[in-house]
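Shared between the two complexes below is chain A, which has chain B as its partner in the first and chain C in the second.
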Partner chain A sequence: MLSVLLRAIAALALGTSLAGCAGGGAALRGTGDLGVVIERADGAVLVVENSTRSILGRIDGLGDLSHAHAVFSRDGRYAYVFGRDGGLSKLDLLTRRVAARVMQAGNSIGGAISQDGRLVVAQNYDPGGIKVFDAGSLELLADIPATHGDGTLRSKVVGLADAPGNRFVFALYDAGEIWIADLSQPRSPRITRFPGAGRQPYDGLVTPDGRHYLAGLFGEDGIAALDLWQPQPQLRRILSGYGRGEQRLPVFKMPHLRGWAVAGRRAYLPAVGRHEVLVVDTETWQEVGRIPVKGQPVFVMARPDGRQVWINFALPDNGWVQVFDTLGGKIVASLQPGRAVLHMEFTARGDEVWMSARDDDRVVIYDTAHLARVGEIAARSPSGIFFASRAARIGF
Partner chain B sequence: MLSVLLRAIAALALGTSLAGCAGGGAALRGTGDLGVVIERADGAVLVVENSTRSILGRIDGLGDLSHAHAVFSRDGRYAYVFGRDGGLSKLDLLTRRVAARVMQAGNSIGGAISQDGRLVVAQNYDPGGIKVFDAGSLELLADIPATHGDGTLRSKVVGLADAPGNRFVFALYDAGEIWIADLSQPRSPRITRFPGAGRQPYDGLVTPDGRHYLAGLFGEDGIAALDLWQPQPQLRRILSGYGRGEQRLPVFKMPHLRGWAVAGRRAYLPAVGRHEVLVVDTETWQEVGRIPVKGQPVFVMARPDGRQVWINFALPDNGWVQVFDTLGGKIVASLQPGRAVLHMEFTARGDEVWMSARDDDRVVIYDTAHLARVGEIAARSPSGIFFASRAARIGF
Partner chain C sequence: MDYRIGRFRVLAAVLAGMVSCAAAPAALAAPDDERGRSLVRLVRQDCGACHGMLLTGGLGPALSPDALRDRPREALVATVLGGRPGTPMPPWRGLLTEDEAGWIVDRLQAGFPER
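For the complex of A and B:
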């Protein structure tokens, strides 16, 4: 009799405890210093915290995470992870659980979140188009096929980026078009099409001020550009020398445009196939210099203050990272953080940078002021690193 | 016997529940969309949340909050509120409790937090100087008196701003000096003094890229400037026409420099005593234009993307707010959000702006895309509004 009563009370107490915590015992904490590290080979994500450089937990079962991308809810509590297999997972960073998950396509290549944080959008290769989800429930709000030609063809979508006004901009690889989707009424998207953007746009970005959308072209040289601040944006072609060039250089890995660095008035771009970083004046969009670097650059990323630009490389130089000083105008460090450095992520105010060294199974952390290694965390074949402070940024 | 046992078990259960929640039952939530509104007259702070525009709670007993300023912990959980009476309060936004509080001076004028989030620094009028605290415990780590003259005089400190590398920059009002304190070893501060900065510097700022420190002068025209990116910064005088001018115009309220807008290559500055906003080229630091506005500007603040600049005014025009379109180059709206608009704060990605209408006892919220009122919250004589997304920004 007494033991039954005790068990009942213990169960009640446990129930109270869980309900009171609203999260299975997870502790209260801020979310501004949280982040995720993609463990690509395992379909898992490490939840990390960058104030004391620690691992909070691991979330498994997320499918094919090759080329996975993550964006964050406005409050920083949830990460939305876009898997290559079309899986879209909403992860609760506080409880380390999957809050919601949908299989939304057969082949997907990332996504974005709206300025107001209410819409999550996935860009898909197959079926080609974008899908718009409610950020809370992952309910499908709009399905926008990337139709072209006679209306029966569908293009792969690439280069999706958010822009102010709950707009999203993306490129149609097979159609050579750029589209702007105005989702201020998410169930009634308004599409503006820009045909003739160029052959095979393969990636795109919005500048940190939300003004310029730029799409790189795989099928020809040059960059397609739209000034999103204009009431009627006009398609322009800039940097006509940007691309693989007439010699059709071997390209080991197409650089990521999303990593382009904009620091002050200048943008720093990974050259395609060349051991160079291009320097471009963002007022004229003219090339104003080239920086010789160690290999074919993949990510070219500015520290948040723009004082430094960090560069990683394609094979066979993917064990190197170089640091360019934008004030002094020269490379100030050539680092070897580990084997197969696939991605880099700065802390919000840029005091540290995290780099995934895939083949060393760790994330290596450097102090950016002294260019010194200050820590590491263990991770299984880490690739992308994404911090929740991205929630406060445009175009991330 | 049974009742004793039951009470013991109940107490144990309650203890487990509280410990598991680590916050007295406060619910788990992200902190990226939190903020505080200063209720100056009551020595209180409203804890707010800007995703659904709601009040989470109120924290009382914070002393004299006239001219109060707030900064945020790196994780976004805590707000550090600097009171005019020298009180420094660390507020837990999740539990809505005072986590720590010290009376650290007799008369204080704000503070800042270091790039790595470990140091909170207060700037004081009396006794003149800065004090450095551990952001976790509020333990005093360094006390730096603003001595000048024969070494017995102490100056009021103004214009404190954080800069990359755990440095802080501030001005000595009575001594006409600017100091840089390198706090990378917080218990052994290294001070670099710049004498001859100009008569009576009264406020200062660091540009969003952490590069330029600028101090306005009350006693003469012009701005004292330091380029913090240089290994050996040199004091410069720029904008020799900036100030009250030879006619000594009546100035109803000295504008806040901290609110200066830097958008793209241009900075927008409140003119002193004139119904104008000055436009300055940040590469040459030359004035390149003046915008006629409705009154004497107080805060001139850029929307995070730089597309718009919002301006409020001193008496008798403090019921107006004007919006300048940086692309079109003209004022696009003259709004009347309420009586005595003292401060404005943008959401992290700029979709909305919150404005305190002190004499209407409310905070009024506008959508920045449509310049339309979308909500309000009740607050008692609100003044400063500060969102936790500041934790991710330099110089805030």
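For the complex of A and C:
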């Protein structure tokens, strides 16, 4: 009798504390249907739900979120948001609260999470390098300066990607190098340097299988590649001189490689300063085609099943989005979802795509099967959109 | 050749798009309020992609008054219009008139408006 009573009291206490955690008595729930939208001008993040196409809450006070990027804890509950001003915030999607926050650099450009989910790594412009944090507490575990030249110079770091084996790969913009940091012992990182990767790497990516790291070059036409499956990876150059020596257009916005497109055995990559998407065979790394598009591509992203590739553009074509059908081999739609389309994110299984129309202050939602607009949500100057399904994907 | 076609495309798109909200054509000595606001937005948002929305730096250097105050105005205007070949800084001629570039540089040197 007494024990029943005690159990009842315990259950009641647990119930109230859970309700307290869920911010105002919300029911128990998972996060697989949730995501975040960055409101870049306000230093705020919206927590959104895919199925209801709604905003669950807003988390403010996160500093300068221009060019902010987010990764997710393995359980999909926490989003780690990397701000331009060096702020790293761990957000709880369920309670819509800041679980932890550190200022870790003067100028930061994004981050990644390790394969085992224990390490969060920030890539920084200033001071140039990467920093490794405990994913639970955000305690600093390692500080790896991107030194070059005589050892006193520090380079901006770009293109950070997580790779199998708790490794992280990144590129040094000012030094033209790629580094692999093996963080299997987080407090004593092992660095392998690859000098001579090419001039001004601007971003990088790892293929969905975790095998290949590619760094796009701004200072020359080509891409530097590493095969991470090899015990001793060798630097390779692919797509050399894809511009055929022709003068390129002025580039008003750097293309992004992360969240790139692999569909079947083909990869679709933005050509720098050209109105083209390059198609590459991922077995041979030879160019197998080019797709003429409306403007200079910024994001080239495959729907999760690889059937479609969606492309957005730099100024002045940033009001357009084009859809390439990988089966038919042609552009099947040229859409105008809004003004200044900065980013696109597919739902986990690709039925919908959410696109931020920065200058219209909204996120526009399209059905990808019918290429029809099915909804929108209001957001102030939205930029990056990140869904919790990224938690399970390498390179995201 | 490629490049010139690109420039005309850019110009045409700008006239059709960005300036459509402005009350007057782009070539004004002192941009009116509308154009002024859209220039502020352009600097914060689009220059901000490389220089940071708060202009504290990114891939490109900080464009704060501290960084630019003592720099020759004409050289900065030339950089904005002509870009810096060999670096990601693109030439904005075609998207911005000389007057507009001057207007932006003056404000960068003095302290750039929020909105």
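Going forward, the second predicted complex is superposed on the first by the 362 of 396 C-alpha atoms of A that agree within 3 Å, B and C clash if a C-alpha of one lies under 4 Å from a C-alpha of the other, contacts with A are read in each partner's own complex, and residues count from 1 in each chain.
The rule is short, and it goes like this: contacts are C-beta pairs under 8 Å (C-beta built on N, C-alpha and C of every residue); 3 or more make two chains touch, one makes a residue touch a chain.
None of the values given here were measured: they were computed from a predicted structure.
Undergrad: Based on the superposed arrangement, let me know which partner A:P316 touches: chain B (first), chain C (second), both, or neither?
TA: In the superposition, A:P316 contacts chain C only.
Undergrad: Of the two partners chain B and chain C, which one touches more residues belonging to chain A?
TA: Larger number of chain A residues touched: B.
Undergrad: Thinking of the overlay built on chain A, is A:G219 touched by chain B (first), by chain C (second), by both, or by neither?
TA: second
Undergrad: According to the stated criteria, A:D209 is in contact with first (chain B), second (chain C), both, or neither; which is it?
TA: Touch partner of A:D209: chain B, not chain C.
Undergrad: In the overlaid three-chain picture, which partner chain does A:V102 touch, first (chain B) or second (chain C), both, or neither?
TA: Neither partner.
Undergrad: Touching A:D85 in the superposition: chain B (first), chain C (second), both, neither?
TA: Once the two structures are laid over each other on A, A:D85 reaches chain C alone.
Undergrad: Determine, under the contact definition given at the top, whether A:K253 touches first (chain B), second (chain C), both, or neither.
TA: After superposition on chain A, A:K253 lies in contact with chain C alone.
Undergrad: Look at A:I55 in the shared chain and tell me whether it touches chain B only, chain C only, both, or neither; answer first, second, both or neither.
TA: In the superposition, A:I55 contacts neither chain B nor chain C.
Undergrad: After overlaying the two complexes on chain A, where does the chain B footprint on chain A coincide with the chain C footprint?
TA: Touching chain B and chain C on chain A: no residues.
Undergrad: Flag every residue of chain A that touches chain C in the complex, lowest number first.
TA: Going by the criterion above, the answer is residues 40-41, 64, 66-67, 84-85, 107, 109, 125-126, 156, 173, 200, 202, 218-219, 246-254, 315-317, 319, 340, 358-359, 381.
Undergrad: Across the complex, what residues on chain B touch chain A?
TA: 2, 6, 9-10, 12-14, 16-18, 20-23, 25-34, 49, 51, 72-78, 94-95, 115-117, 164-166, 184, 209-211, 229-230, 263-265, 283, 304-307, 327, 348-351, 369, 388-389, 391-394
Undergrad: Where on chain C is chain A touching in the complex?
TA: These residues of chain C touch chain A: 1-3, 6, 9-10, 13-14, 17-18, 41, 44-46, 48-50, 52-54, 56-59, 83, 86, 88, 90-92, 95.
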